[in-house]
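Take a look at this one; I'll ask things after.
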Amino acid sequence: MTQSSAFHYLAHGGTPFFRLPTATPGEPKGARAVLLGVPTDAGTTYQPGARLAPYHVRRVSALVNGFHPLHRLDPFERLRAVDGGNVVFPPFDAAAMRASVCASVGSVLAAGATPFLCGGDHSITLPTLRAMRDAFGPVAVVHVDAHADTSGPETWGEAYHHGTPLRHALSEGLIAEGGLMQIGLRAPYPNAEAGDFAARRGALVVPAEAVSERGAREIGAILRDRVRDLPCYVTIDVDGIDPAFAPGTGTPVPGGLTPREVFTLLRALAGVRLVGMDVVEICPALDHADLTSHLGAHLLYEGLALAALRVEAGG
Amino acid sequence: MTQSSAFHYLAHGGTPFFRLPTATPGEPKGARAVLLGVPTDAGTTYQPGARLAPYHVRRVSALVNGFHPLHRLDPFERLRAVDGGNVVFPPFDAAAMRASVCASVGSVLAAGATPFLCGGDHSITLPTLRAMRDAFGPVAVVHVDAHADTSGPETWGEAYHHGTPLRHALSEGLIAEGGLMQIGLRAPYPNAEAGDFAARRGALVVPAEAVSERGAREIGAILRDRVRDLPCYVTIDVDGIDPAFAPGTGTPVPGGLTPREVFTLLRALAGVRLVGMDVVEICPALDHADLTSHLGAHLLYEGLALAALRVEAGG
Amino acid sequence: MTQSSAFHYLAHGGTPFFRLPTATPGEPKGARAVLLGVPTDAGTTYQPGARLAPYHVRRVSALVNGFHPLHRLDPFERLRAVDGGNVVFPPFDAAAMRASVCASVGSVLAAGATPFLCGGDHSITLPTLRAMRDAFGPVAVVHVDAHADTSGPETWGEAYHHGTPLRHALSEGLIAEGGLMQIGLRAPYPNAEAGDFAARRGALVVPAEAVSERGAREIGAILRDRVRDLPCYVTIDVDGIDPAFAPGTGTPVPGGLTPREVFTLLRALAGVRLVGMDVVEICPALDHADLTSHLGAHLLYEGLALAALRVEAGG
Amino acid sequence: MTQSSAFHYLAHGGTPFFRLPTATPGEPKGARAVLLGVPTDAGTTYQPGARLAPYHVRRVSALVNGFHPLHRLDPFERLRAVDGGNVVFPPFDAAAMRASVCASVGSVLAAGATPFLCGGDHSITLPTLRAMRDAFGPVAVVHVDAHADTSGPETWGEAYHHGTPLRHALSEGLIAEGGLMQIGLRAPYPNAEAGDFAARRGALVVPAEAVSERGAREIGAILRDRVRDLPCYVTIDVDGIDPAFAPGTGTPVPGGLTPREVFTLLRALAGVRLVGMDVVEICPALDHADLTSHLGAHLLYEGLALAALRVEAGG
Amino acid sequence: MTQSSAFHYLAHGGTPFFRLPTATPGEPKGARAVLLGVPTDAGTTYQPGARLAPYHVRRVSALVNGFHPLHRLDPFERLRAVDGGNVVFPPFDAAAMRASVCASVGSVLAAGATPFLCGGDHSITLPTLRAMRDAFGPVAVVHVDAHADTSGPETWGEAYHHGTPLRHALSEGLIAEGGLMQIGLRAPYPNAEAGDFAARRGALVVPAEAVSERGAREIGAILRDRVRDLPCYVTIDVDGIDPAFAPGTGTPVPGGLTPREVFTLLRALAGVRLVGMDVVEICPALDHADLTSHLGAHLLYEGLALAALRVEAGG
Amino acid sequence: MTQSSAFHYLAHGGTPFFRLPTATPGEPKGARAVLLGVPTDAGTTYQPGARLAPYHVRRVSALVNGFHPLHRLDPFERLRAVDGGNVVFPPFDAAAMRASVCASVGSVLAAGATPFLCGGDHSITLPTLRAMRDAFGPVAVVHVDAHADTSGPETWGEAYHHGTPLRHALSEGLIAEGGLMQIGLRAPYPNAEAGDFAARRGALVVPAEAVSERGAREIGAILRDRVRDLPCYVTIDVDGIDPAFAPGTGTPVPGGLTPREVFTLLRALAGVRLVGMDVVEICPALDHADLTSHLGAHLLYEGLALAALRVEAGG
């Protein structure tokens, strides 16, 4: 038969991110950045559909040009970035997904490149952080979200779903002391314990309202100071941004950040040692006019620019 | 016949608000807060559909957990809140609707509880304020809206529609001297008289642009000072919020408040003697991704938290 | 805490089907029919979301009145039908879902009632048929679908997903000799083996085009003859109907049946010994104007009418 | 002030129907057909919004050219049709609406022209039929609908809403003996009495399934025979057509007619003495891609062609 | 720079059609069928957007498997089909588009393969037919459409837009005597001349209503007889199909064919000497749930099956 | 024939803007402001559809009343504004469109009135600025946009499309020295040269992030100072505003301005000598709940208020 396998939509996911060349995660052909899709929503508790995000973020990312008007560089040129395709795993096996994500991220790191993941639901972040810890030891984590994601240790009969990654990352020692920074939190907690889990373990918690009060630039400076020279991982759940800007997500909460604030936060991190990034919880079936997919593409672009700045600075 | 009556969708309206127990308005089983739906859009001048808002706000409110991350309490626990069902009235009789709303709100108040109404269009606020005046005398009113709602005394052959409740409330003496505060106004007026009606009667008018200028926290403090220890009623027309955040409404006006600003305003009212609240003009047929219904649920939740704070303080 | 558990949306799913009384599956309070929701999409290969179908089918079913204009009876009166709630299972465990469906259906049957299931994806049909076989021995199965659902025995690393239920049902001996009737099939096969699996085991396969050729009434008569007095189970994947009528489904295929044809097919089964029915693969997030949910409700209603006819006839 | 009144959207409703000249209903400038909008949904029991249908049907009717490919004439040329604007009435007064519709239709008839109404909900048909009876005596009525519209005499505290027009028309003697023909009925009845009201008064009831069985051409011939030379009024509730073709309607019922069938029915009426027509229950807020508005425009066009044929034949 | 050119979305258009290998039109690597996208809507008179159809039809075509259940063969295997990419032309130059389409189609034919084009608007068919005539002489044309597409010779200041291709094809002698067959026509004509242009030149015109009357199988047989052994080109404007099934198109007309009827028509052409095919006027921005893109993919698949049958028969 | 020409939707475009009287551009009947539609998207590179914006902005503008609550005047009264209809041109000839726009704008200016244009895509601004230069010499230009629109001089084989108007305006000397002010820019540049073209020619470039930093009021004051007493033209590409507020546009970029910020910027220009304004790139097919059309209407209203202030001041 001349058709490729029916897994095609999972295995490739459409046009490459940002019109970049393609490569395998472990052999990135000299690239310093590898974009990966992780088409899973097996960890979703309410409205599923994030498995299709890599396809649609790739699709609209074709509109993004290269030269960053504020950082004054082209991250695609600087990093020689590639699309490493989608992480491969059997679609009905969440444990295999976690193992495969950990291995793929590890192979990118082993090749000397920085991984940028497009989820998928937030359960992809735990295996990524495991790979980070294996490569760098405990890392700093900048975490944009409406929710603390520290439920658990087991809820609804399962330890590893999209409501628990940060709890496990803290418990498994993947995050440096005081290295967790959570920005945009605002969803009411199921109870005080779950809500305060991270703060009681030294996390900096910046509710959405605090960003209004102090301004994104000031919060960004605080994050930058706190990261110092730790290896820094950025994980952005698009529900950290207000659903007006990101309607395509499964558990929306009004009162979120604006894209401009999140871009300002990311730009304030210029100079950090960015070791990886993910953007998760984009659900295209609930989106309108591709708003959330466009946002996802631009968030990844800002992360790539951060990595490019470090490369430029000899990092 | 084993089916319940075809009025079902009007009489109940789906799952209870916030997964709460149900009760009748007049016998709230010890609850200090009663949520009521008012499925009417008989007072709508342009795009109707608000009659279905109680159903859809209830539906998405199931996603809202209880512990308020900033006020640090669970209003559902504190208030022992209940869903009092929908106010009952014949669907084609607006006068009967007004009478029934006034009576239902009165019975909640008589039982020592605080009513939280989910409209319906803005014409439900006049009978509610009448019940407030009967119970408390003239009250302070915090009114978030794009429009002044002081048209009239009669327009298009009708005195009581969704463009007139505040004019009648002022004329009928339901509002304390200087007690009306209108925030978010921005729609061009039909003429200067209609636009200035409230201000000429002592109302504080805070246009949307003024919220940008001075910040929601400062405006909130001004409101708090003005309310003092008056019984305080909050009425939120979701078109006070920008249509990007609240597309599901019948007469949208660009340039509105953000949800974060409105949450900040409400939180700044902590300590007031909240005697009732409504959220009106949600039109699910025009919504996308349930944005406006989610917003409505969170606005009610913030109001409940205000009431809980007062209860906690012994109010 | 006064809120019910966060599982609420899974455990109840909104207003009861058809404004009926509620009951537990195993104690249906004298009812002869029990409606059950099965909120799962864990077996979905492409676009997920069927887990929310029970909620939305219940919601729009409130519009359906009782008296059937062609069969001239009210099935709700005749059957004293109840909503048995949603089948309960941990959301991340597909094996537990299958066990729980099998047990719930079994308890309905043990109580002398007929189960009507609203999926969920098509993987719920295998455990249902196992319960049928346990109660009645091998049954006749009328199967409306765009796909044969005989992939397997294992694809994508998993034996039990929404593309395999009929293969397993045939292999496990759940279906009587020649008792499988598949109507509406039209999706190109992955290969001839998978496509012909059922036909080679005696199934009657009626492609969508054959329904045009011969007419739904004639096809219905053929089905009726073939069922004879076998216990008969009906399973309707809404993608058997053309996506113009059922856009809310995950793997649409143009060229399908019309609702009128499927209603005619079902009405032609008048007099069969209907032992159960399911309607599956409704995906509300992809629907428009609730078309597919309305269709799901009316399909269940037609099934209930079949059961009522049998009851009326003393069956 | 240089703006026209804020009633503009009600009083005019956008571009004229079919790019026709405009006129007042009572002075149609020699036209033999007058198109009227009736922007009301005050008689709606479930999802409102039909008040905006005249605007949107006018909008898309600009796409319709004039020469009928089957009847071989241009009805706009033959009839010198005009857009008579919207019927004027205070928006919150359903009784005044009924009086105004009756008067406007009467004035069209008095001027020797045929009225074609674009609703609005189905409650506009009763006053129209009253005007017909005043002008012609009892008429034949061809009624396409999913529902019998014979509820009542009073339901939900109101005699005159969109579920009752045909009951009142029968009771008030507006319809000739045996002159009511209902096609497309399929919604389950609330009870046998309401469902059988018309049939027991001599109406011909053709359920949707019967159209499949016998074909639209044969049904059309039966209607044609039954109308004979009675003055004939056609009322089409778009929910008579399947919601796949007419999603923009408030109480959809799957299993309806196709547009092609309804066009065939209408074309089969060639030669009848058409005295008026309405198309009702289009709800643009629930529509997709203007499907239902396009359908409404083409239904009116087919009615105009019928009137033109009669004019051509000297009628 | 490492990004490919910003023309990417025009030049490639996402994942390949049907998960096929890619090739250049003129060097199809031994394939007997070449799929081409033509991303243009420069010839659109009303709602544009067809330029994005090749992208979205490719996207959803990944869902289509290979084995045809009725023809009993896999056209992808039989034909060794390839995706030849998009035809390349400067986006603002309609004349260059026509020249490039003609040349690309010509090169496919020169390589001994059959072209299958995915438009784009209907103006792509004229240059395709010119290439056909150059290769084969005048051809038979099976044309499914709501409109005759014989406006002109120049309208709105332009000879070559989407309302004129068949007029020019007839005038330029591209179609064999009596070789034009138009099926599904139903839009009112601007005037009798434009509407009858083709019929007066020997075309067979089958209005949509005639397909209801005689059935698609009989119409298909008539087409088959009329084609005989002429080289046969098939052009399908998706607005030939009813907008309920194909909402994503710019000039919808209710009352169209069903997909099942069109599939039956195409299957009835088994054995003809198919020399090319196009599917045009899919406008993804107006689509819902990808209905129209799915339909486009299946129409192309049916055409490929026709070509495969001929190959199998040694054609 | 009694229908007006099929160009109707292009030639008129629905109800008049803001319920105003209509006039021809060159004979505005004493009006000081003329609103014009320019229904073209021939210069669009990605998603087309802006040709339908004049229709839909007119439609929703009927909701806008006259009295400006902050400027305290009614611009419609003060200016005696009229709707001048749509600029007329053959739809397939972009050069003719440019000539016609230039001539229509010139005739408005010659009649002593100020033109307000509703595009269409951004390619309409170049001919407008040519007419401005002819009437006033080089002008100041306040340009809100996500993109610099200085690509070129020729891209994709064409000099004049929606990505190039400001480059040509600068090159042709239409803009006064230092008179270009670009606000809201944020899209990554294709390369540094294209991005810096305007800044190197003296333009003030205010990226979106700078508006967050300094506030819209301060930026507005800077613009006001820079304009001084130059004739001032305002051009607003709605993609300058964040796509959450303006989803209906062809090349959205997240991180944009809010409507409130743009209103503040415009209000800060009070007192400038406004000589013309356009709002472009509204694409209704991609809009939701008319958000972008409402925004377009209010932007034009704010511009009219600016002109009215000048008139009031004797300007």
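Per-chain numbering from 1; labels A, B, C, D, E and F assigned in written order.
Everything that follows uses one rule, which is that a contact is a pair of C-beta atoms (placed from the backbone, for glycine too) under 8 Å apart; a residue touches a chain by one contact, two chains touch by 3 or more.
Worth saying up front: this structure is predicted, and the values here are computed from it rather than measured.
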What are the mutual neighbours of chain B and chain D in this structure?
C, F
Using just the Cα atoms, superpose chain D onto chain E and tell me the rotation angle to the nearest 5°.
120
Taking B-C as the reference interface, identify its repeat among D-E, A-E or B-D, namely the pair sharing over half of the contact pairs by residue number.
A-E
Starting from the mean Cα coordinates of chain A and chain B, work out the distance between those two points in Å.
38
Would you kindly tell me how far, in whole Å, the mean C-alpha position of chain C lies from that of chain A?
39
Rounded Å distance between chain A and chain D, as computed from the means of their C-alpha atoms
56
Among the residues of chain F, which are close enough to touch at least two other chains?
1, 6, 9, 46, 63, 65-66, 74, 190-191, 242, 244-245, 286, 288
Tell me, which pairs of chains are in touch?
A-B, A-C, A-E, A-F, B-C, B-D, B-F, C-D, C-E, D-E, D-F, E-F
Tell me, which parts of chain A touch chain B in their complex?
46, 185-192, 195, 207-209, 212-213, 242-245, 247-248, 251-256, 286-288
The chain E residues in contact with chain C across the complex are 63-70, 72, 74, 216-217, 242, 244-245, 258-261, 263-264, 267, 288-291, 294-295, 298, 301
Going by the contact rule at the top, pick out the chain F residues touching chain E in the complex.
1, 6-7, 9, 41-43, 45-49, 51-52, 90-94, 96, 156-158, 161, 190-191, 285-286
Residue ranges of chain A touching chain E (in the complex, touch as defined):
1-6, 8-9, 12, 14-15, 18-21, 55, 59, 62-63, 65-66, 74, 76-77, 80-81
